[in-house]
Amino acid sequence: MTAILIGILCTIGALAILIAAIGILRMPDFYLRLSVTVKAATLGGGLLLLCAAFYFPDEVSVTTKALAIIFFLTLTAPVAAHLIARAAYFIGTEQWKGTVRDDLAGMYDKETHTLGSGKESGGD
Amino acid sequence: MTDNTLIFPVLVHLFTAIVTLFFWRKTVSQRVISIMGSVVAMGVSIELFAKVWTGGILTLQAAGWDAPFGISFVADVFSSSMVLLTSFSGFAVSLYSATGVARGRMLYGYFPIFHFLLMGLNGAFLTGDIFNLYVWFEVIIIASFVLMTLGGRKAQIEGSVKYMAMNILASTFFLTGIGILYGITGTLNMADLSLKIGALENRKLVDITAIFFVIGFGIKSAVFPLYFWLPSSYHTPPSAVAAVFGGLLTKVGIYALFRIFTLIFIPDDFLSTLLIVLAIFTILTGTFGAVIKNNIRRVFSYLIVCHIGFMIGGLGMYSEIALTGALFYLFHDILVKTNSFLIAGLIRKLRGTMNMDKLGGLYAEYPLLSLLMAIVLFSLVGIPPLSGFWPKIYLFEAGFMDHHYLLIGAIIIGSFATLYVITNLWAKVFWKDQTTATGEELLTDDFKPMTRFRKALLVTPIAFLAAITLYIGLGAENITLVVQHIAREMKDPSPYVEAVLGTNVSP
Amino acid sequence: MLAAVLSGLIVSILYIPFGKYLKDRLSICVSFLPIALFAYFASFIPTIRDGGHITFHYPWVPSLGINLDFHLDGLSLLFSLLITGIGSLVFLYAAPYLKGHRYLDRFYAYLSLFMAAMLGLVLADNVLLLFIFWELTSISSFFLIGFNNDNADSRKSSLIALGITGGGGFLLMAGLILMGHLSGSYSIQEMLGANEYLKGHALYGWILALVFAGAFTKSAQFPFHFWLPGAMKAPTPVSAYLHSATMVKAGIYLLARLNPVLGGTDYWMYPLVIIGGVTMLYSAFHSLFRTDLKAILAYSTIAALGILVFLIGIGTPESLLAASVFILVHALYKASLFLTTGVIDHETGTRDVTRLSGLRKVLWPLSIAGILAALSSAGVPLTFGFIGKDLIYEATLHTVGVLPIVLTALALLTNVLVLYAGFLAGIKPFTGPLPQNLTQVHLPNALMWGAPLVLALLGLLFGCLPFLADDALLNPAAHAMLQAPIGTSLKIWHGFNTVLLLSGITLVSGVLLYVIRKPSQRSLASIERFNAWSPRHLFGKVAQYSKAFSRRYTHTLHNGFLRVYLLRIIVFAVLLLAFRLFTGGPIRLTLDQLSPVSVYEIIVAAILIAAIFLAVTTSSRLTAVVATSVIGYCICLQFVFYSAPDLAMTQFSIDTLTVVLFVLVLFRLPPFLNLANRLTRIRDWTVASAFGAVISLIAIQVLNQPFDGAVSRFYGDNAYTLAKGKNVVNVILVDFRGFDTLFEIVVLSIAAIGVFSLLKLRLNASEKE
Amino acid sequence: MEIVLVLLIGILYASGIFMLLRRSMVKLLIGLTLLGNGANLLIFLLGGITKGKPPVIDTAAKLFTDVYADPVPQALILTAIVISFGLQAFAIVLLKRVYVLVNSDDLDDLNTPEEEDI
Amino acid sequence: MNSTILKTASNYLLPILLLFSIFLLLRGHYHPGGGFVGGLIASIAFVLHSFTHGTDATLRLLRIHPGSLIPVGLGLAALSMFAPMLGGQPVMTGLWLEEPLPVIGMVGSALFFDLGVYLVVVGVVLTILFTISQYSE
Amino acid sequence: MTLSAYIDYVILPILGLSLLLVFIRLVRGPSVVDRVVALDLLITIGVSVITVYSISTQKSTLIDVAMILALIAFLGTIAFAYYLEKRGRK
Amino acid sequence: MVKQFLMNLLLAFIWVALTGVLYYTNFLFGFAVGFFLMWLMNRNESDHRYFTRVPKIIGFFLYFLYEMIKANIQVAYDMVTPKFFMKPGIVKYPMNAKSEVEINLLSTVISLTPGTLILDVSEDRKVLYIHVMYLKNKEQFIQQIKDGFERKLLEILR
């Protein structure tokens, strides 16, 4: 019973990761790749860790650790993605030609890297 | 028998280093602690030597785990005398450093690292475990990197990069060798390795493993064609540092070569020939380099290379006489080379340069100092009956015994070059007068304005080492007894093996 | 005896603390030492005359067989007396000569040291002990020649002198050790017993070559002679003492001493006779062209040394007796001439023989000394030189085959030239008119003219009463050289024979030559045209070329490029490993005990390889760092697969930290430039791949070896029961092999301190060291 | 798998050496890292590899009940890794200093002529 | 780095990572982990903090310079190795309390040794990284 | 088919394949940030691989390794971002 | 509120201690029992938010999971099919969220759902810049987030 549950979760997780992998390979620009991979990988990794949590039920610490890793991954992945995306924007990484909109354009202060909201003056 | 005394030389320097770390930025305290630590280290080294000399090989199984399971420490006459010599050199340099090293360097950890280096050296001499030896080597290397770069001048950085690259490569060879050794024997204890390698049928594999050690230690001890780092770097650090390097760093490579190649890999024809050929080229290379250089420390650097060849040659011949000669040379060389670099430093203090063309007039201005230096310099040459003379007798005899005439020729050439180089140095630095050297320009003398106490701190270590060197020369009999004893130990390692593994292990 | 030998040494050491008090007035006191020693050695004369000899033994380095063994026989007594006797006079002479010199104390220190060394040399029974003193004489001579060390020529001469004698010294050392090794002892007395064995040994030639190298360099034989004229840069008393009477005779002494051990063969004789002959003729001829008094004397000294070598080479009893006589003769007249020259130089300020004449009017006691010495050197009857010359002809005539004619002719020619040189030095300055500029010259301190006069008078004394020296000294000396009784004794008158004829011819032609030929700068210039072929020049060339070679060698090898150094190391390693790998047996691999391969492992391995490739080929620094970390992570996965969780953790965290470090440091570094050309890269790849291949092959070899797991089993069995831990790796790290860990964190600590100081420490300009 | 590892080790060594022979100091450091990894893997392989059996005694047990991987090479490699981290950290900072000094990471620019000796 | 999100994240990551590092330190003798890895995690926590808030802020947070942890850690590790010598036992012999303490488990010299390692690693890594980042700032 | 075998023969190869695909992106770049993201993903997949492997071999010990990986990987990415941003500013 | 949560935790631990079964499932069961008991005993009207919030959290979690799987499938489909249907763009999104925690959670949630990714937060914390994969209409997208994640999240947090 547990084994089957684990098998299913495993499979979903692995497929999610595979999708992330395909995504990072196929997506046409950096932001899209990033977008695809962050969640798919977190989902996949989370599911696989959940399997481990189920698989070692008599070792509390293992379950705790598995959950802790999931928690940690979930928390850090978006932060990391945000930072690297920001850096990418600074170094002028190109966007796909099919991109329809860029509200960020011109909003960064070139010197200080502080980001404006466009609402400082006037208050929209 | 287990005896914790064995580890004291390591311990003293470790704690001296730690205590000086606690006194970070308090240079006066650091100096005092360093000198005290060195004195204590000298005391325990003497005690250790006396114990070993009278009571035979001492072993210490760390944490009480029997060999080969724990890390064994072994003090035989060889290692304890190396520890003893290190303590002499270390004391001298520590004393010299008190005034000879810029305060800025002391503020950034000169003394702790210096003691870590000495600790590493002692550890390397005392350990009976090949991987532990690797760790000691790494302690030595990193400490020497830091000492070499401390101050960060361009030449220092250049030297350090070369020194670093080649020494890390050496460590890689060493580590690879250890990996292979473990793979074929399943043990790391050197005594155990001695038995297991001795019993191994596949001699080809043994030789191959040995080659890794030849190269690894060969780089460390600056053997041709692996020596390049040495002349690239030894002229760059502060003289006190160069003194430790010149006196001890390459020697620990030599120590390791002697240890490994008399305990684990007994030189067969292949290894013996290899070592002798390397020795000949090493001597010649050092010779050629030394005769053309104009900077005192560059000259000394090449002389180190040259004289390394003498010792390697002795190891290659692998007869008792040859080993005796090589070991005698090793003992002499440690003290004299340390002192040579201290002298170079003192000269720099006196004149502000180490360029022989710009130097001059020391004999006229500082006759007693010059005399002191002369003793050291002529010991280096091996003017009889000073210390460098005696080992050559053994080496020549050994060479004649086993018909290694080319090696004898090389040693003659090397000795002759040393003579030329040193007398040339003498004539330029001491005899020639200062005005002809630099024309109108008068170089700075940092020595004259010093207080008597500071002057004494600079000169005493040189005199101290010179006195020991003189003792080695004039009291050669005692040294001879020691080195002959060691040579016998080397030719028959079974007492070592039994002391480590316990007597129940049949050789 | 030990005290006698070492007293000079002790005195010279005492000069270090007390020298400054002894400087002027008291310096004369030092002369008591050689005088006392002279008396001491003279006291042995009766014993030696009665055919006895005395040995002394003081242990020093018994395990090496080197002890302070001294042996006093006729030969060493002759030399000891010369050393202390002439030494006394030189000491006395030097006090006024160097009066007021700021380094007078040093001078006496060196001189005492030299005397001790010389005494040790001639008394040592042990060849290595002899060698020790031999080198000490070289060194003290070095300091004495360079005594006026602010003079560049002086420094150069002393370097050349030490270079030649020191170089020969090392060869000699090898030779002596070879002798000792073959005969089983370093004692000369014991070697005497092994002489037949030595002469028959295959290495006999080598022994001779090495010993000759030592003797010839020290005794200034052609082509090593040129250091001696250079050595005339030393103060004149030194020249008189070292470079005519004593040190240069060390080589002669050595040959004489070893004659019974090694001599008596053709290999011994021909080199000595030829080299001695060439030397004597060459340098005697050269003395013709010199105008500097000291140079003239130097060349005639070389000639005399040549004669001595020549005589020892002949090796007959007559020749050995002649040698021992000539040693004394030459020491007396040459030292006297040097000291005379010293006074002339000191008082007139010149040594140019063309500008000196008539000095008898102002320096009359000295002129007696000079003329007597010159006559002795000429071999005029009733001088000691006459006896010496007779014996030389006696010796050359008593050889066999065609040799008598050749050798006698050689000796004759040399003697004529030596006579000329002696006259030039001892007679020319005193005879003739006194030039105007020398009229103010006045007689110096009595010690200065007394010393040469004593020596010259001694020559006259022995010339008239040869038996005074004969039984007591010269016969025993020759006896020692031969190790057999000589059978002849010294006589003033041999009757009318060939020898007398030859002596007459020598005298007549020599005087004729002196009368006809006047020294001039022009003739000096004429000989100097041949300098390009002179041994000095040729040696200089050799030195120059070897320096140039050294420079090229060193700069080629040590060219400053790290990558070249590394390449050499690797090539060396590859060659060595490959050589041993492919000699002695094939390389096999048994596949049956290998573990199976899974897909994911292969994938990880493939990624690893690709990452390596990326790291190596990328042109972006950051990509290289990324690729390196991928490599680290893949290895980490391998560690996970193969049961090393601790390892994986550590590898991973360290790898990440390294990346962080790289990233922090890489700011603003320009991109990689492709700095190597294609050929270099191909070369490097070849070497690198060869190395990788060798490592792989070795790994395969090792895998074939059965593995002994006793140690790891012990750890597994005892980790919990004895060391209270379940993670065996950790237990090993903190317990079984805790030392490794302790010092591994020391490494880290040092690295941290290093980083800290490297980035923060800036020395200010005043902090030099 | 041993064969794969042998191959890997060879490649690691080879590429490490190749990188050592470059002029760039960054490459030199990467080369040293690669060599270090190669050496570690070599020790790991030659000590004998065992799959999926870490040398950790089960929570409940006091002794190993199953075969386990040789812990010795692991301990050695651990030490070696840490040590080479120390060296590497220092080397990387040295690289920084080199760059500050000569404004490039070309090691040839670093060579100081002998005339500048003190 | 001037990022609000990272700042917030690092505020809660720091205690989590520190807690975790102590966990790793204490269990090293039984499971993978130990002083070394524990120290690394702790230093990574502070490094993260310094990335966000700047090195100076982290140094203020630490109160002492991380470098001063090095001698303390070294001293602790060395003493725990050499303490047995005072009792006449071979150097480095493990000394253990008879009974395990709650939570921490068996307490012995090995634990102090590991703690020393932990401190040294934290000191070393932080010294290195902070020195570098201060240098480039 | 046991769970262990399923993981060995299905899940791990899938993950391996993913690793490979991500690695291809890492090699291809084109920008440094692409590589950094690929690296980050590689590590996340690595965490998964280790987790799954620990199930397959029934060694819970390995989860610890996964945990370390997850904790530390974040730092690497941050460092790269830090670097790129700083470099971008100059 | 915190007090209640701690109380609940304490009850869960007591349950675990009583049963002596050190499993996670057991702990969760204990937590649920405790929650139920506390809900039963709660008579204080002013403090009932704890009991509404727990179900809301669970609800939010389920909503999040649903969105995630839905969007994942969409993206997966886009990816395995050769042609891209994407219309990516960066959208400025004015937040209602104010505090650090709110902003962080909101951005985490948005980032973890496929198709959207937070690029940055403006310095004055008024605006999120979101990268959107399928951007048909800016206003519609903003409204969707406002009504979806942000509202639900703020309900829980405030």
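As written, the chains take the letters A, B, C, D, E, F and G, and residue 1 is the first residue of each chain.
Here is the rule we use: a residue touches a chain if its C-beta (ideal position, glycine included) is under 8 Å from a C-beta of that chain, and two chains touch if they have at least 3 such contacts.
In this text the structure is predicted, and so the values were computed from the model without any measurement.
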item: Neighbouring chains common to subunit F and subunit G, by label; value: A, E
item: Chain at maximum distance from subunit F, centres defined as averaged CA atoms; value: C
item: Which of C-E and E-G has more C-beta pairs touching across its chains; value: C-E
item: Centre-of-Cα separation between subunit G and subunit D, whole angstrom; value: 44
item: Inter-chain centre distance, subunit D versus subunit E - centres from mean C-alpha coordinates, in Å; value: 24
item: Cα-centroid distance, subunit E relative to subunit F, in whole angstrom; value: 26
item: Inter-centroid spacing, subunit F versus subunit A (mean Cα positions, whole Å); value: 13
item: Residues of subunit D engaged with two or more neighbouring chains; value: 20, 28, 38, 42, 45-48, 51-54, 56, 59, 72, 76, 78-79, 82-83, 86-87, 89-90, 93-94, 96-97, 107, 111, 118
item: Subunit G, residues touching no fewer than two other chains; value: 107, 118, 120-121, 123
item: Overlap residues in subunit E, where contacts from two or more other chains coincide; value: 1-3, 5-6, 9, 13, 20, 30-33, 36-37, 40-41, 44, 47, 67, 70, 74, 78, 92, 94, 124, 128, 131-132, 135-136
item: Every chain pair in contact, whichever chains are involved; value: A-E, A-F, A-G, B-C, B-D, B-E, C-D, C-E, C-F, D-E, D-F, E-F, E-G
item: Residues of subunit C touching subunit B in the complex; value: 16, 59-64, 66, 106, 128, 131-132, 135-136, 139, 142, 146, 149-150, 152, 155-156, 158-159, 162-163, 166-167, 170-171, 173-174, 177-178, 180-182, 203, 546-547, 549-551, 553-554, 557-558, 560, 562, 565-566, 568-569, 572-573, 576-577, 580-581, 583-585, 695, 698, 701-703, 705, 707-712, 714-715, 735-740, 743-744, 746-747, 749-751, 753-754, 756-758, 760-764, 767-769
item: Subunit G residues touching subunit A - in the complex, by the definition given at the top; value: 22-25, 68, 72, 75-76, 79-80, 84, 86-92, 94, 107-108, 111-124, 126-127, 129, 131, 133, 135, 138
item: Residues of subunit E touching subunit B in the complex; value: 67-68, 70-71, 74-75, 78, 82, 84-85, 89-94
item: Residues of subunit D touching subunit E in the complex; value: 54, 56, 59, 78, 82, 86, 89, 93, 96
item: Subunit D contact footprint on subunit C (complex, rising order); value: 560-563, 566-567, 570, 589, 594-598, 601-602, 605, 608-609, 612-613, 615-616, 621, 624-625, 628, 631-632, 635, 638-639, 641-647, 650-651, 654, 657-658, 661-662, 665-666, 668-670, 672-673, 675-676, 684-685, 687-689, 691-693, 695-696, 699-700, 702-703, 707, 709, 711-712, 715-717, 719-721, 726-729, 732-733, 736-737, 740-741, 744-745, 747-748, 750-752, 754-755, 758-759, 768
